[in-house]
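One structure, pasted below without further comment.
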Amino acid sequence: MALFLLQRLTALVVTLLVASLVVFLVMEVLPGDPAAVMLGINARPDTLAALRQQMGLDLPAAQRYVLWLGGLASGDLGTSYTYGVSVWELVRERLGLSLPLALIAICLSTALAIPLGVLAAARRGRAADAGVMGFTQLGIAIPNFWFAILLILLFGVHWQILPAGGFAGWEAGAWPALKTLILPAVALALPQAAILARVTRSSVLETLGEDFVRTARAKGLTRSAALWRHAVRNALIPVVTIMGLQFSFLLAGTIIIENVFYLPGLGRLVFQAIAQHDLIVVKDLVMLLAAAVVVVNFLVDLAYAVIDPRLRGGRSYE
Amino acid sequence: MSELGRSEPAAVWREYWTRGRGSAAFVFGLGVTALLIAVALVSLVWTPHPIDAIDIPNRMQPPSADHWLGTDLYGRDVLSRLMAGAVNSIAVSLVAVGIGAGLGVPLGALAAARRGLVEEVVMRFNDFTFAFPALLSAVMITAVLGPGAINSIIAIGIFNIPVFARLTRGASLSLWKRDFVLAARVAGKGRTRITVEHILPNIASLLIVQMTIQFALAILAEAGLSYLGLGTQPPAPSWGKMLNEAQTLMSLAPHLAIFPGLAIMVTVLGLNLLGDGLRDLLDPRLRRQR
Amino acid sequence: MTLLSVTDLCVTLDTPDGPAPILQDVSFELAAGQSLGIVGESGCGKSMTALALMGLLPAQARVAGEIEFEGENLLALPEAQLCNIRGRRLAMVFQEPMTALNPVKTIGFQVAEGLRWHLGLSRGAAEARAVKLLARVGLPQPRFSPDLYPHQLSGGQRQRVVIAMALACEPALLIADEPTTALDVTSQAAILDLLAEVTEAAGLALLLITHDLAVVWQNTARMLVMYAGRVVERGATPAVFERMAHPYTRGLFAASPGALEAALPAGRRLATIPGQVPDPRHRPAGCVFAGRCPRVQDDCLPAQPAERALDAAHGVACLHPCLEEEGVP
Amino acid sequence: MSGDDVLLKVENLTLDYALPRRRLFAAPPRHRALDDVSLTLARGESLAVVGESGSGKSTLARTILALEAPTAGRVTLCGKDVFAASPGELRKLRRHAQMVFQDPYGSLDPRRKVGWIVAEPLDALERVGRAEKLARIAEVLGSVGLKESDADRFPHEFSGGQRQRIAIARALITRPDLIVADEAVSALDVSVQAQVLNLFMDLRESLGLSYLFISHDLAVVRQVADRVIVMRDGKIVEEGETEAVFGAPRHPYTRALLAAVPRIGGPRRRAV
């Protein structure tokens, strides 16, 4: 187990390093002069020179990369050019919105998808199955930002029971803040839930065909006991994989959804930073988001070992 | 014996067609996809109104006999712009999936054929590329090069590479364990020749199915990018951009937000149903039962 | 005392190309504590018979006939009551020990599960019983902890776990479907020894399904020979082997290399049965074996021959059965 | 046995597989699949290698056909060292040795027609014209009891026994001296198995083939092999003329193996 952990950890660190190198190369080396990109073509030479110095562009690229890495590791992400505050400060502030939003969306989609998927598998070929499958087809096909717009049209504009956008802030109290997150979370969760439900269904169906489920039935377990006690846990292995992969889609989703709802989160920050050519912020955020995806997939690998004893190593008589 | 016992290819295709016709989802998917392509082709030579004809007095009209789907903020015909937007969606998605499959399939096949270090490198590259969802690479590329359709193609294409590499490697690996591949090695064939003659033909149907699904995902991603303003730039019509423009006018002209979204949804739905139908149709387990 | 009585069991499988009759008019009886072997080649319906008895046929299967077990017709029982019988009175051992166990549950849990389900034992009591059961099938503590997972055991050891699971609730009938086919020859002998020993010691009836004539000879007192979904010969095992009245039984025996005491002389060949088992959807109208039979005559073709008794302990479904003194072809 | 008569010579063949690491700072454990295996096979001879799963018998077959690279040792086929041969020489050598596999469903590419499958070794190893190729396909299909027209059909149209005949035809098309049969009849039903075993015996007489039979089934081995090698845990434990080994096994493992085979007429376990 310790060895398994160590191997995964090494892979994690290597992936993060490669990712940081790519981000650095794309953001700092490709454009030629990042300072010129940030200021545009009409920049005055002295402003340009000041910015170059502030960004440390007079140093060789290798040294800048090492400095940046060191900064990332120590939590010093540099100073935003447009906001004039430290990027870490910006991130912390926005994380207070994006993290709860992502968590609510994940919980919502899992709570919806897994029972629906299992239900559809258990009632294969019957009305419930057809209903769930129809719902998932629509859920996958619907663009999440359009779904968000429809939600706003209905709940915000037409019925006016939920806010159409903006964030109340946690200092306004938990409920008002949560209220502003409901529609965005639903918009994020639904397409994810659709995919997850399909994966759950097919995985459970596949497991139901396995010999050990027949063995459980031969022991006298009812169909549903065999399903819940033997099929579902085994079927979760591919489901967890997809959940890990979905996390990256979820991040991408927050960039869009936060823009639809005008939520001051990380996604909106990235978007605004691009509009303002604030390469420092873009670089750090892209790196952070990529790192989040990598770390989540690392956690998924660990989750495997919890679900599947075959991956835990240990003694074997074979 | 299988119902596909006859060996002439024509008979096999006829058989596919007979079975496919029986599935409503498959027929719907095929129909929608065909319609989409037809509309896109027609829009190249003809649209009900010129796509860029600005007509301020008639702006934000609801659907009427003249403008079937109404007009937008500048009085442009929504239907015409939707039709032209189909071209944009198809072109971006097609090239992006082409990039993904064109690079991913050889990489995956190589990893499966060579194993060892080559495989390790390819798979690490894969894991790493997965860390950059299309939107994130689009953000990076746009930040540096500025927005545009080409950038969305690159971003979506890059994200498709590991999808195809993984799929190809996984499916190839299980084939490499099969005895007929071993037989080809005993016959003296090299790894490349085995990949071309045995592996790729046997995973072709799997790849075709995945391509339709990725195509659908690419349409969604392209719409998302242009909605954010990172993809196709105005005045070129694109479904995502139309939704973006509609959002601010939501209370004034809700129809502007409905039709482009419906267009995206129906297209993606059709492609997904087509993919599902193809999967059932090409599934060797169904085909080879005796 | 009759424990199990199967009467005119028919199973039809719905396939995309129409219904396929898998079992036709299968009847047999098994008394408490007795052993019965079913032998036949793949596709003869022997595994389907086992699944029909357990009530675990695939969803596309349609069943007719009667299966009376301990005085109740299993085919008429509602699912809830069937679950009550399954695992408690009627247990099964499967062919593939590698896949028959759940890979993510410990062997202790899997053996104890039936005890907790049927007998309502507490977790602790059930696991204590499971440890005893594991020891009973040759997996003693501390080497074989109940906390092991299936992947940590060899194929033979896993089959012992499956047997322990089957024995858990002290059933009256054990169905073993090709229990040793997936195992090496030395594990096969050990597992068959174990099966014979535990069933005899517990007075447990054994229904042993196999493709191997020698396994039937060794392990059962009575036997059925099945071909293409029908019983073609039945009787006390020694009597059947002595006469081998059905041409199919005789052909199967002659084709088995294991039936020969020594190598064939140079130039001699093994006996074969020409042709193949007919597709269930296109079975001939008359005797199902007629197309491959060396003794076929005109009267075999119109209808499936009824089974007739050769003596009190031996029956055959053939109009022109072989005589004992004819010798193996 | 003079040098000309020796078709295959295996000397001190050893093959180790690296297993996944258990500890970080220890060398990964190794599994010795073949341990100092030596054997010779004369022209026209039929040799069987028997053993249980994990005995290394299939690894031996694959190594002899250069599908695996040994850790140490030598394989000499038709007087040439297989592992010292250049790619071109190896291709020439492959014509002399072909293989038949266990699973008649998995060993034929489902997407190719029988004619293509059967001609595969010919395409890879020899340059022949189209007319000759068709003639060779017809010839081998005929010699395994199939029709010339079967070349235009797909594998799924055939039964298990017929598919095994197709696999044998493929092995015959380069007119080899040696056929390695890896559990070639163990997936077949008894009556079909007898047909295929008889075909092997017929082909040996008509074509003068040599066989290396890999099998777990002692009864089958007794009918087809002149000599038997018994393997266990990668080592040869006993070797000898078939009837001698079956009649008077010397090694305790061989005795245990033979005693475990159920026999009709032998002792019975249950009387009721």
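We call the chains A, B, C and D, going by the order they appear; numbering starts again at 1 in every chain.
The working rule: contacts are C-beta pairs under 8 Å (C-beta built on N, C-alpha and C of every residue); 3 or more make two chains touch, one makes a residue touch a chain.
In this text the structure is predicted, and so the values were computed from the model without any measurement.
In this assembly, A is the chain whose CA centroid lies farthest from the centroid of chain D. Central chain by Cα centroid: B, whose mean Cα position is closest to the mean of all protein Cα atoms. Taking each chain's centre as the average of its CA atoms, chain A and chain C sit 53 Å apart.
Rounded to whole angstrom units, the spacing between the C-alpha centres of chain C and chain D is 32. Averaging Cα coordinates per chain places chain A and chain B 22 Å apart.
Multi-chain contact residues of chain D (touching two or more other chains) are absent. Across the assembly, chain B contributes residues 1 that each touch 2 or more other chains.
The multi-chain contact residues of chain C, meaning those touching 2 or more other chains, do not exist; every residue touches at most one other chain. Per the touch definition, chain B reaches chain D in the complex via residues 1-2, 5, 7, 178-180, 182-189, 193, 198, 201-202, 284, 288, 290.
Looking at the complex, you find that chain B touches chain A at residues 124, 127-128, 130-136, 139-145, 216, 220, 223-224, 227-228, 230, 240, 243, 246-247, 250-251, 254, 257, 260-261, 264-266, 268-269, 272-273. Across the complex, chain D is touched by residues 33-35, 41-42, 155, 184-186, 188-189, 192-193, 196, 199-200, 206, 211-215, 217-221, 237, 241, 251-253, 255-260, 262-264, 267, 269-273, 276-277 of chain C.
Against chain C, in their complex, chain A makes its touches with residues 210-212, 214-223, 225, 229-230, 233-234, 307-310, 314-318. Contacts from chain C toward chain A in the complex involve residues 54, 56, 79-80, 83-88, 91-92, 94, 96, 99-105, 113-114, 117-118, 149, 151-154, 157, 162, 165-166, 168-169.
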